[in-house]
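To keep things simple, chains are lettered A, B, C and D as they appear, and every chain counts its residues starting from 1.
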Amino acid sequence: MIEFAMHHAWLVPLLPAVAFVIIVFLTRPWPRLSSAVSIAFMLASFVTAALAAYGVFTDPHFKHHPLIYTVRWFGMQGLNIDVGIYLDPSSAMMIFMVSLVALLVQIYSTGYMKGDPGYSVFFSYLSLFAASMLGMVLSSNLLQMFVFWELVGLCSYLLIGFYSFKISAREAAKKAFITTRVADFGLLLGILAVQIIFGTLNFDELTQMAPNFENYTTAGMMTLIAVLLFIGPVGKSGQFPLHVWLPDAMEGPTPVSALIHAATMVVAGVYLVGRNMFLFAEVESALYLVAVTGAFTAFFAATIAVTQREIKRILAYSTVSQLGYMMLALGVGSLTASFFHLWTHAFFKALMFLAAGSVLHALHHKADVWEMGGLIKKMPITGWTFVIGGLAIAGIPPFAGFWSKDEILLAAYQSGHYFLFLLASITAFLTAFYMWRMIFLAFFGEEKPENHPHESPANMTVPLVVLAVLAAVGGLIGTPSTPLWQQWIYYGHPHHIEPNVIIMLSSIALAAAGIGLAYLLYVRDKEKTNAKDLARRFQPVYKLLYNKYYIDEMYQWFTRVVVDGSARITYLFDIYVVDGIVNGSAAITKGLGSVMRYFQTGKVQTYALVFYMAVLVITVVLAFTDASSSVLVMGGAE
Amino acid sequence: MNFPVLTICLLAPLIAALILIFLPRDEERLHKAVAAAGTFTSLAISLYVYFSYNRELGGLQFVERIPWINDLGVSYFMGVDGLSLPMLLLTNLIGFSAVFASWNVKKRTKEFFVLLMVLVAGVMGTFIAQDLFIFLLFYEVVVIPIYIMVIVWGSSKRVTKEYAGMKLTIYLLIGSAFLLASVIATFVKSVQITGVPDMSFHGLGQVPFPEQFQIYMFLLMLIGFGSLLSMWPLHSWSPDGYAGAPTAVSMIHAGVLKKIGGYGLIRLAVYVMPAGAAYWAPFIAVLGIAGCAYAAMSALAQKDLKYLVGYSSVSHMGYVLLGVAALNSVGINGAVANMFAHGVMAALFFSMIGFIYEKTHTRWIPDLGGLARQVPRLAVGFMMAAMASLGLPGLISFIPEFTIFVGSFERFGLLAVVAIAGIIITALYVLRAGANTLFGPPRQEYDDLKDIKGPEMVPLVVLGAVLVVGGLLPSLLFDVINSGVEPIMAHIADYLPTAVQIGGGY
Amino acid sequence: MTGISVIHYVLLSAALFSVGLFGALVKRNAISVLICIELMLNAVNINLVAFNRYVTPETFVGQLFSIFVITVAAAEVGVGLAIIIAIFRNRLSVNLDDFNWLKW
Amino acid sequence: MPFDYSLITTELIVAALGLAVLVLGLIAPENRQKGLGPITVLGLAGALAAAVLMWNVQGELFGGMFVVDKFAYFFKVLFLSAAILVTMGCTQYVSNMGVHGEYYSMMIFAVLGMCVMASAADFITLYLGLELMTISFIILAAVNRTDGRSVEAGMKYLILAGLSSAALLYGLSLVYGMTGTIMIYDTAQLIVAENISPVLILGLAMLVAGLGFKVSVVPFHMWSPDIYQGAPTPVTAFLAVGSKAASFAVLLRLFAAGLNGMAGTWAMLVAVLAALTMVIGNLLAIPQTNIKRMLAYSSIAQAGYILVGLVSANEAGIKGVMFYSFLYVFATMGAFVVVAAVYNKVKSDEIEDYAGLAQRAPLLAAVLTISMLSMAGIPPLAGFVGKFYLFKTVIADYFWLALLGLIMSMISVYYYLRVCLVMYRDEPKENTPIEIPGNIAVVLMVAMLGTIILGIYPGPLSELTNTAAETFFLH
């Protein structure tokens, strides 16, 4: 059974794809049936994934010898591409996590999306997404990965724009697609360079070649490749400066935000960098770039999150920030820490999104946390699971987030990038603060009389509970005392970082301080005067943060003025210059014709005159150009 | 002699046209049925040929050869190889779909379908003719039917249909004058050199033309085929022409007719004049790249859907040129595959735009919006075409583009990056168009639109299926193409600049 | 006869031809123009006869030719006059400048 | 010296027919005059049969003044076919005109003149044939006495033809003076590149002008638009085909055979004139609004293309000229018969009155379109193959000429398509279909099928012209 699952791991992505096809072509008119099909296939996929993962994690052989099955996809002289599966501990972990979260989100959606006219379509998209995401995780080469990478992007586009009749959703979807497209341009270039330089895109072959890259190319080129490859993840994982689409992506239905824009798709970038660690590891500078980008993004997004008011936006910026953590970990060389955080983050962030969805569901999509309050009384399950998520993300032991975040801080510290470590630590404080600011504002304090919240139905709360459990205990597999994680998921050789008590304690302290500050400002201070006062006192800073550093505006300006402007200029050039030449020559031809026709006067003698003038001209020209006739003699007559 | 499969394939639409001529004027449904039957026959035959073609063997198959004009060394020489086969299939896919995309034509249907059948047969002929002269006979068969179809059934927007039709026709004809001149010169030169007239592509390919001669001739052929392929800056007929043309013509023109340019460039110019190709390749690459970027930028400024797709197709043809210019196996494979992919995609795009125009009477993007709610199936077709246009993996156009990028990146390095950047702009305009047409708040005036159904679904189903199947199983396409490209590459290998050592360029 | 050679005849013929041509170009009356054309044909006849005399004295080819020319010219004039009558009936004019319905 | 008069069977038949028709026209009662058309057709068909049957007979008459070779037969077949087509296709037009006897007899005499021209091997025969044809055409142009335009055309043709004959004769006399012979094939031996005098050059220029006038080469073309427009349509058609082809036959005999020795002098001249002719003919056709006038300019352009065949002055070139002339018969006849048929109904030659022709008479519209496109040289119609044969002879030495010719022929599509535009796009002014009588339909089908078949399968005609061209230099 396990054996079967491992050797048929392609079933994992295929099953949801089948569900997609069935829903689109057969069951679309029957919503309940569609969701049943979707969930059934997802469950099958999850079981297969779990079995396969179990198989991998029980045989240490796979630590160094991934299970690879490939078939030829297409090829020609100079370019041969396979498709296949690449099953190693990392991908096993990912398929387990992705299929699990996807399954839970689908179950949750049966409640959340109830009655929506696009119910069936929604489930078909979710299935397609799951298929693509799982396919990407299992990819055995870069091109295949890129294909699925784009497909998850497509699903993201479709799902963000699910309420496409809303202009904001439409624009957000477009923005997401285009922003990631810009990034994918870099990724594509990187892939092309790899193909041309190494002649293959297969991970197993590249893994062998990368350490000896001097045989193929220069270190500079190698760095360039790594940087190009990294651009893709910058877009997909919402790293600065291409993070702008992710908060807007919250226009999609909340289950989508949970699944795609928190737990799975956005970590694809992290996964891609991790998967290609063999390339990045060869070039120090590229790795450093990853680290800096990650750390800065983490901090930067956290500062924005502090001032935001909409519940999903806060979560979105928090996601950006957490993704920054993961990148930082990769950058400092710790695949272990990065993927560990990826793992825990998936659970607690999905949990928080789903809980937020539950809140929105109850409040009829009123999103501003300042207009909520005291929800925990009416919505205990949602509230308490949210609190668990909050504890996890803030880094309070023994919740999952603590262990993974600690691992990252530790890795950063030990890599010697103290500044990055400092930035990460501050971020930890900010994270705790803004998260708990939100929790306190939304769930505690006074109830707002205009709200009539009610607890969500079981199909929504059950996934919450499951995720809450995972968020609580999911980190226990990687504690210093039970370093299971560290033994399985690593790059090169297992990390045996000595736990550093000071760092551990300081991170707890920072988290506690953040929560405490939030408590002081938003619970103790019933009127929130201090908070408002602070905002007023630091008005410019507050505005800057609240407006997300005006990056969106800059991009908009760039698109509107530079891109559209040059497009307009090109077009005008086209119709007036390029086409002008064409029309001009046509006009000249026609004009010549209509002018010359007037030589045809209709008078016989004009014609005769032209006739004999021509004879004269021809004679003269021929007599003067023909060499043999230069002697003026009458040859035949003499 | 074998059963003349290809001739029958070629004649089926012509026979349909002949039957149509003798049908009464007002039997509209019958006209459509006959046209559909004719194109379906061709489609079925070409599918049969495509899948029974022996890929391992490669080379010309289904050959028919009858001496035709002895003093010119012309023979009625039909056959398919890996290069013509996808194009043959493409022609018939689009021809068949075009009949159904024209299902709502009400005006003078008899003439319309007669001309359409001639059009399909003409295009098909160019792809299966293996003799240069016969190729030329078919090359311009289509020009006049197209003109008449544009002026009678076309639409006037930014430019009048009369202007569009005339521009399309005269532009392409003048381009072809250069081609004809070079063909005549090539023929005369080949007789001078070998003493035996032979107009088959293969025969001409064996003639050792002097290098200088090849260089001149290649330039002329490039002008000829380039204008048909809407190579920048010879592209300006294309957006206007497509905008003026009726749906079926836009489909066939953008879908396959244009591809004759790329096909001819490979089949004739590169194959017969390899030294010329090697000489001009960087120039072609620059034009191709300019075309990609320039047309993509122009497309971004468009508000009329047909203009948008018109410019977009110019941009995509830039990729084809780039692939050809790479002059390596990968690049040319990609170029041919991209022609196929773009053909399917453009035809689908134009047919969907045709339906939108038919139903809403506008193609002006700001006047549209929210159609996804009112006509969901139409929206699906539109989005599929749009996604294929921006090169979404999983649809047919990604792998060809990728292949072209590999081929050209290898040869031209940084230069190719500009073209690859075109994918961003493409995404921008395609998504904008999709978003502004299909999404957003539905408009009241379109509330009672009828979604496409019945025969109208055929283009979406046929072309959409090809989009997806070709995207998932690119080897279906590439194995065939490769079997045609390899011999060409082997043939011209001696003339090519020494291949860039892998990685050596950096 | 030493003073007169073929050149003189040729020059005479050329002069006659030119006079005829000049007349044909400037005269407005259709009949005058026809007569001028006859002059030009006669110039040709001079040429033919003179060349016969000086170049091929042993045959009569040139003279024969000139007789044919005279005959054909007569036929042409016959047709010409008929047409001029026809057009005069139609337009009440024989002025060539009036015959410009067909132009451009 | 006994002459083998069987060699001129064709001419004899035609001459007899002409006289018979002339007499019949005078004695036949008014209501029987219509019968002259079929008689003419039958008689010409007999002559055609004779010419075809004697294809393999060769020889010469009258001491070499009249040669009978395949080249001559080819052109005779061409003239006779053209005459048959035009007579058959325009019987209605002629009876509307109300002139029968003169028309048919003059038509036949024009054919006789052409046949003589095709066989002419000396200056006298050449001149006689030419004048017989020209005078017949002068009468034909003015044959519609009640129509001012027709008479004006006759008048103009009379004067200009006279002037051009004078130039031709003057040129012939100079050549005679310089060489001492009037036999074309003898001059070939006498004129060599070394002894070209200015007088000979003047003669050459005169010859070019005189014959250039007949084939309407720019700048000797100016008569043709006026006469084509004014003359009755069948006359125009026959003028465009027969007169032009016959003059090309003479032009080839005279230049390619007789003056071959000084080809170095005139080849470039002819090339330049050909180029000018193509350009001017096509450019001036663009703004025309009368279809006959437009076709006149277009036929000027056609002359430019055919002239290309003369530039190389070798067998291939002659073959090209013959091939093109033959397919030009079908194209021109198709076009003009349509014009005549439309005129019968619409009483107008203005292009705008062709509105909706595609709906009133699809066959007429289709034939006109196909004929015009064949003239433009669009594959797969005959014109393309013809151009291929013509331009292939010059492409090595005069590449610019070939390229220009091809470009101009593509530009010509512009004005042809304007006619298509009116015929296909516009709605007809009145909806009554135009009936096409059987004889016209036959002519139209022959023209259309000829154009298409010669385009798709030119092999047989090509071989025929090859053999005919081979006999050209065998004297």
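What to note about this one:
Heads up, the rule we're going with is that contacts are C-beta pairs under 8 Å (C-beta built on N, C-alpha and C of every residue); 3 or more make two chains touch, one makes a residue touch a chain.
Please read these numbers as outputs of a predicted model, since none were measured by experiment.
If you take subunit A and subunit C together, the chains in touch with both are D. Taking the mean of all protein Cα atoms as the centre, the chain whose own Cα mean lies nearest is B. Distance between subunit A and subunit D, defined via averaged C-alpha coordinates, is recorded as 75 Å.
Distance from the subunit A centre to the subunit B centre is 35 Å, each centre being the mean of its Cα atoms. Centre to centre, using the average C-alpha position, subunit B and subunit C are separated by 64 Å. One simple way to say how far apart two chains are is to compare their mean CA positions; for subunit C and subunit D this gives 26 Å. Residues of subunit A in contact with at least two other chains: 597, 600, 602, 604, 608, 612, 634, 636-637.
Residue numbers of subunit B whose C-beta contacts span two or more other chains: 170.
In subunit C, the residues that reach two or more other chains under the touch definition are 6, 10, 21, 24, 33, 55, 96, 99, 101-103. Pairwise chain contacts present here: A-B, A-C, A-D, B-D, C-D [touch as defined].
By the touch criterion given at the top, residues 589-590, 592-594, 596-597, 599-600, 602, 604, 606-608, 610-615, 618-619, 621-623, 626, 628-629, 632-637 of subunit A touch subunit D in their complex.
Within the complex, the subunit B residues that touch subunit D are 67-72, 74, 108, 111, 133, 136-141, 143-144, 147-148, 151-152, 162, 165-166, 169-170, 173-174, 176-178, 180-181, 184-185, 187-189, 192. Taken together, the subunit D residues at the contact with subunit A in this complex read 155-156, 159-160, 163-164, 167, 177-180, 193-202, 204-206, 208-209, 213, 219-220, 222-223, 225-226, 264-266, 269, 280, 283-288, 411. Against subunit B, in their complex, subunit D makes its touches with residues 358-359, 362, 369, 373, 378-380, 384-385, 387-388, 391-392, 395-396, 399, 402-403, 406-407, 409-411, 413-414, 417, 420-421, 424-425, 455-459, 462-463, 466. Partner subunit B is touched in their complex by these residues of subunit A: 72-79, 143, 146-151, 154, 161, 164-167, 169-171, 173-174, 177-178, 181-182, 185, 188-189, 192-193, 195-197, 199, 216-218, 220-221, 559, 563-564, 566-568, 570-571, 574-575, 578-579, 582, 586.
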